[in-house]
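To keep things simple, chains are lettered A, B, C and D as they appear, and every chain counts its residues starting from 1.
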Amino acid sequence: MPELTLSPPLAARATFAARYTAVRAQTAALCRPLLPEDTVVQPVIDVSPPKWHLAHTTWFFETFLLQEHLPGYERFHPQYAYLFNSYYNSLGSRVNRADRGTISRPALADVYRYRAYVDEHMQRLLTDGDEARFAEVLELGLQHEQQHQELLVTDIKYILSTNPLAPSYFGPEHAAPAPQPALPAASWLPVPGGVGRIGFQPEAGDAPGFCFDNELDAHPVYVAPFELQNRLVTNAEYLAFVEAGGYQDFRYWLGEGWDRVQTEGWQAPLYWVRPEAAGGAWQRFTHHGLQPLDPAAPVTHISFYEADAYAHWAGARLPTEPEWELAARHFGADAAGGNFVESQRYDPRPLPADADPARCHQLLGDCWEWTYSAYHPYPGYRKAAGALGEYNGKFMINQLVLRGGSCATPESHIRLSYRNFFHADKRWQYTGIRLAR
Amino acid sequence: MPELTLSPPLAARATFAARYTAVRAQTAALCRPLLPEDTVVQPVIDVSPPKWHLAHTTWFFETFLLQEHLPGYERFHPQYAYLFNSYYNSLGSRVNRADRGTISRPALADVYRYRAYVDEHMQRLLTDGDEARFAEVLELGLQHEQQHQELLVTDIKYILSTNPLAPSYFGPEHAAPAPQPALPAASWLPVPGGVGRIGFQPEAGDAPGFCFDNELDAHPVYVAPFELQNRLVTNAEYLAFVEAGGYQDFRYWLGEGWDRVQTEGWQAPLYWVRPEAAGGAWQRFTHHGLQPLDPAAPVTHISFYEADAYAHWAGARLPTEPEWELAARHFGADAAGGNFVESQRYDPRPLPADADPARCHQLLGDCWEWTYSAYHPYPGYRKAAGALGEYNGKFMINQLVLRGGSCATPESHIRLSYRNFFHADKRWQYTGIRLAR
Amino acid sequence: MPELTLSPPLAARATFAARYTAVRAQTAALCRPLLPEDTVVQPVIDVSPPKWHLAHTTWFFETFLLQEHLPGYERFHPQYAYLFNSYYNSLGSRVNRADRGTISRPALADVYRYRAYVDEHMQRLLTDGDEARFAEVLELGLQHEQQHQELLVTDIKYILSTNPLAPSYFGPEHAAPAPQPALPAASWLPVPGGVGRIGFQPEAGDAPGFCFDNELDAHPVYVAPFELQNRLVTNAEYLAFVEAGGYQDFRYWLGEGWDRVQTEGWQAPLYWVRPEAAGGAWQRFTHHGLQPLDPAAPVTHISFYEADAYAHWAGARLPTEPEWELAARHFGADAAGGNFVESQRYDPRPLPADADPARCHQLLGDCWEWTYSAYHPYPGYRKAAGALGEYNGKFMINQLVLRGGSCATPESHIRLSYRNFFHADKRWQYTGIRLAR
Amino acid sequence: MPELTLSPPLAARATFAARYTAVRAQTAALCRPLLPEDTVVQPVIDVSPPKWHLAHTTWFFETFLLQEHLPGYERFHPQYAYLFNSYYNSLGSRVNRADRGTISRPALADVYRYRAYVDEHMQRLLTDGDEARFAEVLELGLQHEQQHQELLVTDIKYILSTNPLAPSYFGPEHAAPAPQPALPAASWLPVPGGVGRIGFQPEAGDAPGFCFDNELDAHPVYVAPFELQNRLVTNAEYLAFVEAGGYQDFRYWLGEGWDRVQTEGWQAPLYWVRPEAAGGAWQRFTHHGLQPLDPAAPVTHISFYEADAYAHWAGARLPTEPEWELAARHFGADAAGGNFVESQRYDPRPLPADADPARCHQLLGDCWEWTYSAYHPYPGYRKAAGALGEYNGKFMINQLVLRGGSCATPESHIRLSYRNFFHADKRWQYTGIRLAR
C-alpha cells in the first residue's frame, strides 16, 4: 500500500530541509487515497475541503517565508491569497469560511502544481537563505502544516461519513482491524498537590526548539491533591451511560449541553449509528466505513458536554488543565506510549490501553482529553507582532483546553505543554474522556 | 472544438432510439468541459451539482422505465435511488436538497458508468420492448432530460460565477463574441382582444406528440385588446433604469421585491458587476468569464420583481399568461426565430433581436419571459396517477409563469403552450422582460 | 353588557359625521373588555398589539385628513408618526413591524387621549371643511378603520389563545353558545359558464359610493360552467379529513403546504387542541376560551394549503376568483344572510348554515373563502398617486384572493366585488372552504 | 417622591420576618413607577418583563417554602407554576423563555394579589414554622429576590431605552444629576503574589450567614505579583478609545468579539447614542432618558469583548478572578464605599470615584468588573440535591466571572467572594472595566 506510507517520526535534530520535505510529503500522502471530488466538499462549516488544506498550508509558506525572505519571489497566482487565507484580517479579505465548499477551481491538479512551485522555491530559500532570519517562522510553518494534517484526517472522515454510501478511505483490500474484548476496570492514581509549574519548560526536560506562544510563559499554579484514572474511558463504559438513559436525563448535563442534546437530537457520540441492517446494534463510522463498536477502545468524537455529563454520571469529574499537566509531568515517562497518526496507517483510531493498573496510559496520543479549563492566556502571554499575532491569541474565549494529542496527531508535533482548544459542542476531532476526582 | 458539438434540433419524427441516443449525448456534451471538481459543488440550494444532474436524469429512466418495463432488470446500485431521487415523496426518502453539494461519491467516473449501464439497458428495452406500453413515460423521460440540460447550462454558469477566479467554461482559445451597438427603440404591436383558446392544441397547429400535463386542458379565455413590444428589453434599456436610480426608489417595486432589494443588496441584474479593474464600468459574468455589457442583447438573469419594477418605471406592464399565448398564436410564424441552446455553442446567451419593427421577435428562445400570472392549474387539470403525479402539480403555488424558452433551452423542447415557473425572486435562469400595455 | 354594544349596520346614506362617530366608537367598543396589558403584546409578527391598532387608525386620519385639510392643525405628538405608520415608505421610517410588541409607551390611556384629540379635530373638519375636497380620503379612512376592526377581533383572539390561562374575552357571566348537531350533506348548485363581468359595478347593482382600487376596473372574464357547494364546509366534515389521516398523507398537499405541515407540526386547524383534561376530544379556542367543536359550524382558521388539501381529499377543488364572483352575482339575493361582526356580540364565530339545499348560503359573512386565484392587479388597475398608492398595489404578489367577508367583518364593509388577500399559510383570520367542481 | 423610597441596607442580624418584609417591599418599590404596559414587554430574550420578575420571585417562595413547609398550603393558581418557573427542568415544563413578552395575563393587579397571598402565607410560616427546617432555603429565596431586584433595574432601563419616546423612569419633577469633570489619571496599586485563598471564608472575616454554592469551597490559588488600577475606567477614558477608532480596528479584539462588532454594528457601549438633535455629541440613555455623557463616571454597559479590547488598546489587561479576589482581600476596608441600589434613588448609575490615588476604590458597587476567568466550578463544588441543584451549576460553561456588584445591587447582597457570570457579549448589566497589568 505504498501510497499510504506516512513518514516516521522525525529525529528532533533533522535539518530544516529534511523536515520540510518530510512534512510536506506527509500532507500529500494523507490525500492520496482521495478522488478529486472528495477534496472539494465542506459538509459543515468546521470541516474544510482537503483541497483547501493542501493550498492553505502552501499559502502559509508563500506568504510568511517566500514573500518575506526570498528576494524576487513572485506569487504563483495573484488570487490565491484571497482564496487560501484562513482568518488573518491583517492580510486582507478572503473567501467566507462557510463558502469554501463552493469553490471548484483551482483544480486539485493546479493545487498540486502550486505546492510543487512553492516547494521548489522553499528549497531554494533553505539552501541559499540566511536561516537565522526565518527559522522561527519556518518552524511555525512546519508545525502549522502538521496541525492541518490532523485536520485532514478528521475532515476526510467527516466528509466520507456524511455520504450515504459510507465509503472507505482505504481500498477494500485493507480489512478493518478486529475489535478487542473489554478492559478491566480503570484504576485511580493519586497525584500530589501543591505549587507546580505548567507551560513550556525546556529547562525541565521539555524537548527544546519549539512551542506555540500559547504555552508561554511557564508559571506556577497551585493544585490540591487529586486522583486521575490510569486510562481513557472506553466505548464499553460509555455505552453503559448511553444505555442507562444518559442522553434522556437533564440532570447530568450543563444547561447549554442539554439544549444541544435536544436541538441536535444527540443520542450517542458522533459516528455511532444503529443501522437497521445491523439489527439495531451500535456501530461506528470509521475510515473503513461502518464497523462494530470496539469495547476496549477509548470512546471518541464526543463533545465537552458529553464528557462532562458522563463524568457526572460516573460520579467523577474532568481534570482541570493544571491538574492534567502536573499529573502528566508527575507520571513522567509513562505518559508516552500512545498511538499517533504514524502508527495508525490503516485506520486512524484510538487503541485500547495497556492493562497495567499501576501506570498512567494514553496521556499522549489516542484521544485529545477535554479539561474543564477555559482556553485563556497564560500570565505573561504576549501576542506576536503582525499577522502571526492572529495565530492563537484571538481565539482565547469560549473554548476549552484539550490536552495530549490524538491518534491523528503527528508524534513529533505533540508535547506535555501543548494546548489544543475547541468549543464545547465540537465532536469531529478525536476527543475523549479522562476522569479525575 | 469537438467536445462542444451539441446535437442539432431533432426531426420531430425521429425514432425513440435515435432521440434517446441524441438527448443523452447532449447532456454529456454539456458536461464535457467540466473538471470533476466542478461537478460536485452547490453554491446555493437552487443550483444542483452537475454530477447530480447526470445521475438524476439517469435514475429517472431506471426508475420509471427499466424497473417497470424491462423484465429482470437489476438496479446499478442499491443506494442510488436514495442519492438521486429529486423530490418524489412517493419514492421514499432521499438526500436533503440542500446537501447535494456535500456528496463527493459516487465519483464522476462512476456516474458515467451508471449512465452507460442504463443506456445499454434502455437500448435493449427500445429494441425488444413493447413500445406502446411505455412510450408516454419514455417521452417524459426525454423531455425531463432536456429540462435538466437547461439547468446544466444555468447551474454551471452560477458555479463558475461564484468562483473568485471567474473561470471560463470554454477553453481560452474561444474568444467571447463582441458586443453589438444598441438597437433602435422597440415598437408596440397591437393584439386583438376577445375569447381565445390557450393550452396545448394540436388541432390548432401545435406540434403533436407531447405536452406536459400542466398545459392541459386547452380552454377559452377572455382578454381585452392590448399592445405588446416587438422584442425583449435590452441591456441598454435596463441600464438606463439602473442609472436612473431604479434600485433606490421603492415606488417602482412590489413590497416583497423591495424587501429583497434591501436584504440582498441588489443593485443590478445577477452577474452584473463593476470590477475596479474595469474602472467602474458594468460587466457581466458569462460562460467566457467577465465580459462587457452587450447593449443590444436582451437583459437577462432578472427576477420577476425586477421585471415588474422596470415595467413600472417604463410606464408599461408585464403581459399576463393568456395575453402572452394569444399574442404568440396571433403573430404566428414570426414567433419563431430566436436562439436556443443549439445555436449558442460558444456562449449561451440571448442575442440581439432583428430590427424589423413590424414583426414580433424572440417569442421563442433567447429569454424566458416573466408573465404576471400565477402558476396555477388550468381548468380540467388532472394529476397523473402515482409518483409521476408529483412531476408538476405540487408546485402550483407561489410561482409565476414564464413563457417562450431561452438560449439555454433545446429547440425541440419548447412550444407556444409551454409553461415554465419560478418564484418571483429567482434570477439564475435566462429570464427577461417583454413589455405590454 | 353595554360595553359590548357594537353599532348596527349603518344606513348607506348616513352623513359622514355620523358614520365617523359610529365607526370610531366601534373600534373602542371592541377594545373595552381588554386590560392595558392585553393591548401591548404581539405573539407573532402578523398579530399587532391592540394599542397599536387604536393608534394607527387614528394616525391615518391625522396624516391623510387633518394634516392635509385642517388649516393650522398641529400633530398630537411629534413621534407618533414614527410609532404608528404601518408600511408607508412614502411617509418615512417607522418602528420595525416585528418590534411593535416591545413598545410599552405611549400608555393605553395616552392612546385614548390621542383618539379623542383627533376625533375632536375631525369633527371640526367635518363641520367646517369643504367635504368635496376630502370625501374620498375620508371614506378610505373609515373603510380602513373597519378593516382594523376585523383585525382587532382576530388579533385579540390570537393573543388570548397563546396564553396558558386560556382567558375569555367576555366576562364569565356570558356563557358560550351551545354546539348544534351536524348538518345534512351539502348540495351542488350549477353555475352557467360564458363571459361575465367581475369587479366593482354600481351599474349592475353594487351599492354605490365606495370600492377599493383593487376592485377596478370591472372587466369581462370567461368561465366554463361549474358547480358550487351551497354552503361552507363544516367542522364535522373537516374532522373526517383529520381523522382519515389527511395531515399525514403528502398526496393531498401542495409541496410548500406539505413542508409547512412538517415544519410547523400542523395536525388540525389553528385553535383545535386535544387537552388531556378533555379526554383527547378535539376542542377549539374561542373568544370564550376552550369550547367543544361545533359540528354544524363552518370550519375556520385554516390556511389555503389546508383548504386545498381538503378539497383534493374530498374529490373537489376550490373555486377561482372569477368563478366565485360570477356565482355570487348569479345567486343574487341568496348570497346575503350570513353572520357579521354586529350579529356576533358574544362570540365572533361562523354559524351553521341554513339547511335549504336549493339556495346558496354564507357567500357573505361567516368565513372568508379561499379562492385558487392569485391576488394580482385587474386589467386597468391604477395605483393612486402619493402615499395612498401603497395601500393595496404593492401587495399584489404571492398572496391568494379571499372573498365574501367573515363573522368578524362589519356588515357595511363587505360587498360582492371585495378582494381580500393573504399568504397561503396564514390561519389566524376567519378563513373557510367553499368547494367547487 | 415616596414611591421610590427603597429600603436601607439591612442590619445583618435582622430577623427573617423583618428581612422578608423589607426585601419584598423593595421589589414592589422598584416597580411602582411603571405602568401596567411597561411590565409586559420583553424587547430581547435576556430582558424579562417586570411582571414576570414580580411573579417569578413569588413563585420561588411558594414552590420551595410554602409547598414544602407550610402544611395545607394551596397554590394561588394551578397554572402559575407553568407560567413562572424560570429554568428548573426538575419542576416540569414552562413558558418558553423567549415568549415571556407575549403573555398578557395574569394582569399586573393579579400578580400583586399573588404576591400578597404568598406574603401572607409566608408570614404565617415565619411565625409558626420551625425555622431550622427551612432557614437555608428562605435565605436563598431572599438572595434570589435581591438578584431579581438588580435585574429589574437593568431590564426596566432596557425596556425604556428601546422606546422611541425615550421615556424617563422617574417623573419629570426629578432632574437628572449633572455630569462631573473628568478625573485625574488612575494610579496603579501593587498586589503581592503567592498562594492565597479565594472563595467564601467566614473564618477570614467574610460576613457569616450566607453564600451561594458557587463560592464554595474556599481554596488556595497561586497568583504572581501584579498591579491593579485604583478605580474603574471612566467614560472619558473609554471615549478616547472610541474616538481613536477602537471599534474599527480588529487588532484589539478577540475573534468572536470582532465578529460581534461587525454583525451588531457596535460603535460604542450600549446606550451611547449620537442624536442629530444633540449635534452629533455622544449621549447615554439613562433612567432619566437621554443625558450627556458623564466624563468622570465609570464606563458601563459594555461586553467582555469591549472590556478586553479596551484593555489591549490601553496596554493593560483584565484581572483574573483569583487576582481580583486576592486584591480585594488585600486592600481590605478600602474595598468598601461604592454605590449600591439604595444610594441611587433617582438614577441608578455608577458614580465617579474618590480621587485618592493611594486607595483602591469601587471594588464593591458601581460596576460589575469583568474578569478574564471562566465561570467554572471551584474545586470541591457540589450541586445541591433536587431542583435547587439547577440554581447555579448548570450555567458553568461559556460565561465569564464578574465581581464586586454594581449600582443596581442591594448593598446587603454583595460580598468579596460573590461570583456573578454573563456571556462575553452581554451588555445590559452595569458592567465595567478594572485594569490590571
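We adopt the following convention: a residue touches a chain if its C-beta (ideal position, glycine included) is under 8 Å from a C-beta of that chain, and two chains touch if they have at least 3 such contacts.
The chain list, named the UniProt way, goes like this: A, B, C, D = Ergothioneine biosynthesis protein EgtB.
Values in this document were obtained by computation on a predicted structure and should not be read as measured data.
Between chain B and chain D, the least number of touching-chain steps is 2.
Touching chain C and chain D at once is no chain at all. Between the Cα centres of chain B and chain C there is a gap of 39 Å.
Per-chain CA centroids place chain A at a distance of 60 Å from chain C. Chain A and chain B have CA centres that are 46 Å apart.
Contact between chains, per the stated criterion, is found for A-B, A-D, B-C, C-D. Taken in their complex, chain B has these residues touching chain A: 35-43, 51, 79, 82-83, 95, 99, 101-108, 159-160, 162-165, 167. Only residues 87, 89-90, 195, 219-222, 224, 250-251, 253-258, 304-305, 372-374, 376-377, 379, 389, 394-398, 424 of chain C touch chain B when the two sit together in their complex.
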